[in-house]
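Read through the structures below before going on.
Look at the two complexes coming up: chain A is in both, with chain B in one and chain C in the other.
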Partner chain A sequence: MMLKKYMASFLSAVMLWGAVPAFAAEVEHPSCVMLKFDDATRFAKVDTAGTLSELIMEKLVNSGKFNFKETKPMETDMAQALYENRLAEFKANKTAVDSGDYNGIFESEEFGENRVQAIDSAMVGKIVNPKVTKAMGEATGAEYLLQGTITNIGTGEYLNGNLVYLAFIPNVYNMFVGKNKGLAVIADVRMIKAGTGEVIWQDTVVGRADQYQYDVGLFKIGSLKLNNETYFKAVNSAAEKVASAVIEAADKGVLFAK
Partner chain B sequence: MERIFLLIMVLVMCLTSTSEAFSSNDNLAVMDFGSRPYATSAEVRTQDLGGAASDYFIHALLKNGFAVVDKDIATDRLQMSGISANGIVEPDAAKKIGEILGVRYILYGNVSNVSLSDITVEVEDDSYEGSVTLCTVKAHVIARIMDVQSGNVVMMFKGDGASKSTYVEAGKHGNVIAVGSGRVTLDSVNNAIQKATLEIVGKMSAKCTESKWE
Partner chain C sequence: MHKNTKKYICSILACASLIFSFDTAWAADKLDSYRDMLMSGKYTIECEDITPEPQLQNKDKFAINFEWRGQINLPIDNSKAVKHCLAVASPDRNYMEIEVVRPIGNTAQRKDKWIDCQLIKNNEVFTYVRRENLQNGKVDYLFKESSNSYYKSNEVIALNASPDVLLPYAREKGTKEVTRLVNAMLPAKVFPAGKEYYQKVAEGELSEGISYVDYRCSTAESINLVRYYLDNGKMTKIASAIYVLNSAGEVVDGQRSLVKVLRFDTDVDEAMLDLPAKIKDKTKREKK
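Up next is the complex of A and B:
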């Protein structure tokens, strides 16, 4: 009888030892949802926002520090959801204007100075409409929403200074010139607490990829032609910077602080 | 005493069932991969990049000892349920897919980008001209594994694949001889996608092995 008891205790202990860490790991990581980025550039049709969101999520999932929920219900981006919500507010306000009673408008929460009027300008401490964020959180079961805006995509060409400096021997200057042509993606990213709509963290990153060409006498090596690969590298570079910034903020305890 | 023991056992089983650790023994269904709009540049004209990626995934997963459930055996039932299994799959649709196919995990995602890039060495003088071009078709695929019960993304990997070809041009006074091809062929695109899927399955295997030993 005693042996049975010990066996049972031992088995329970062994099984708990194996199962609890897995359970604890789940509880430990805050649940997040990666909202599709908003693209404020004139290249929105290219869907850089979709690619960037996917690349950031891949890096964050692999960090093992976040518990990500699938994002499909959020394909309607937050800018659109906020716009629709504000449209409803304006309609309600019109009724107040028609009746001549403006108090309802000026005293409403939406008129508060803390309240974000457009997601592109949402800074830390500001409140994004909680009705929208709460609905998004509930739809996915996530506590935190990671959202961003692509603010610029552009190209630039320049001489590579380092290589020009290396050509210090007389008459070699004109024979050894390096040129870069780069493509850059600039994005703002922010973490929003779904329950309250509060922006708890925000950062701006620049991701860049370059094409190189070197002129050495009669030879030309490389190409300055920008292609789809340069574009993807720039988006991936922006994603790496966003992911590093989010992980760094999580490690410092800036994110998810109770 | 027996009751307490039973209670502990039930508790342990509940805790174990909530664990999301995906292993190579778990049944996995591969969905149809999608492709991002403008994923390919003008010189890469191919169709159904996603379909090719799905097939290469199934091949690589089976080769690496994963338990793969064929989604195509239930195509009719999936269609009748109005479920889209292309590209990114919604958690609600994923749940239904899981029920129909009897799987807890699904693999899905997108071919993010397929492009042609080149590195050229050119020589030009008054009397002669020539160039050597190394053309590379690169493919980038992003795959996710979702636990259909919780909607959690339990694994997500990016795979990169490249297929290279060389093109040489040389001549004098406008008479040029060309050797090789700088054109993008269907073979080179498929080759790049296959390498990208192999890289992802390799990462999945490594992660499963790592989880086993943790």
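Up next is the complex of A and C:
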């Protein structure tokens, strides 16, 4: 009889032991959604933002560390939503402008020192219009919004350093010249508290892929021509770095507000 | 009749004096001391342009700058950061610097800070970068002859400057936005014909000793409002709202900006109005 009691106690203790970490994990990871990245480059029509967002989402979902409300990036364009909201406010203020009483304009929350006017300038501690973020949070049931901006996609050439060292040996320079061409994707990523619009965490990453070409006398080995594979590698590299940065921030406990 | 005439004259004079005193009071405002500093060309203004300019982003740019061994030199995206500005002026000289304050915790943050500097003296303009190493405190200066050339250390070549750059409205006080907002208080007479200027439209008190003075400039394309904030008479902030209008006078876009004023007074550090001792002036000048 006693043994049964001990067994029951032991089993319930084990069950409780198992339940506690699960509960704790839920507390540690508030609900969030990921918004499709904003592309602030001249190549927005290529939809790098779509590819990048999906790759990041996949990596974050696979990590099992987040309480995502959706397993696909939300199509909601925060940059556009902020712009439309701002324009509506300016239109509504026109009467105050005509009346000559500007208190309603300058003393509004929009003129707060921490308030950002555009999403791509939203750094840690800044406030994104809460009307917009709150509406997004309520629409998705998420407490946090993971959002990002592609700030640059570009290429550049450089000499391969190791081989250039050989150039200091007489007559070797003409034989071995290594050239690299890189394609890079630079992106900002940030976590926003939906209820307040506060940017809790932010980082900048650079994803890149390189092509190599070695000139050996009259011969060329490799090619500097960029292709789809290079482009995808660079986007994937950016996605990996964004996902790693987000996971690292979550592990350090700095991704969400305390 | 004679008595009545006297009465009329007295009334007219009283009205005139009232109108005159009202006009004088209206023209003069809490910004007089600041306006006087700008007009006399002797001041120090330190401020932070905390609201980014409209995003031009990288839509006009393709190349990414790869440094030695392929390290990527991240573009300095000025729109993202607080710009710390300092302007020091004496009647015959002007020094101005702008620093982009990088966000804390950003992995892209460099280990040094770069401050764009511009000195105008003797009808010459010196443009260079002051680089401060944040780890060992070492300071050096960098200069580029053209956008395609390499940086040279601790030397500079001056360009000729028009004497007009030292006029009150033309002196740079920091970023373009800081200069625009500070200049809004200048009287119409200092601007060349055809150049837009602001007019005072209102002033008042807010809570806790904060007062404000409002200026406005209206054109067919936009309505520009500027509010100066004073804390017990000391300027602390300048806010601006721009309403972009279409041909029908409807608002089609808008822009807000905010400048935090850290200092605005007549104390001038004369040393800042000369080239730093470490910089060699390599300008080739004709011998007189």
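Following the convention adopted for this analysis, the second predicted complex is superposed on the first by the 212 of 258 C-alpha atoms of A that agree within 3 Å, B and C clash if a C-alpha of one lies under 4 Å from a C-alpha of the other, contacts with A are read in each partner's own complex, and residues count from 1 in each chain.
Note that a residue touches a chain if its C-beta (ideal position, glycine included) is under 8 Å from a C-beta of that chain, and two chains touch if they have at least 3 such contacts.
Keep in mind that this is a model prediction, so the values were computed, not measured.
> With both complexes overlaid on chain A, does A:Glu138 touch chain B (first), chain C (second), both or neither?
Neither partner.
> Contact-wise, after the overlay, does A:Asp251 reach chain B, chain C, both or neither (first, second, both, neither)?
Neither: A:Asp251 stays clear of chain B and chain C.
> Based on the superposed arrangement, let me know which partner A:Thr41 touches: chain B (first), chain C (second), both, or neither?
After superposition on chain A, A:Thr41 lies in contact with chain C alone.
> Considering only touches as defined above, state whether A:Glu229 meets chain B (first), chain C (second), both or neither.
Touch partner of A:Glu229: chain B, not chain C.
> In the overlay, answer first, second, both or neither for which of chain B and chain C A:Gly50 touches.
first
> Of all the chain A residues, which ones make contact with chain B and with chain C?
none
> Across the complex, what residues on chain A touch chain C?
My answer: residues 40-42, 86-87, 89-91, 93-94, 97, 100-103, 105-107, 110-111, 113, 116-118, 120-121, 123-124, 151-152, 154-158, 160-161, 180, 182, 184, 186, 202-206, 208, 210, 245.
> Residues of chain A touching chain B in their complex?
So the residues of chain A touching chain B come out as 5, 8, 12, 15-16, 18-20, 22-23, 26, 31, 45-47, 50-51, 54-55, 57-58, 61-62, 67-73, 140-141, 218-223, 225, 227-232.
> Hey, which residues of chain B end up touching chain A in the complex?
Going by the criterion above, the answer is residues 1, 5, 8-9, 12, 15-16, 18-21, 36-38, 40-41, 44, 88-91, 94, 110, 112-125, 136, 138, 140, 142, 144, 146, 151-153, 155-158.
> Which bits of chain C are touching chain A when the two form their complex?
Against chain A, the touching part of chain C is residues 50-52, 54-55, 57-70, 72, 74-75, 77, 79-81, 103-108, 201-202, 204, 206, 212, 214, 223, 225, 227, 239, 241, 243, 250-256, 258, 260.
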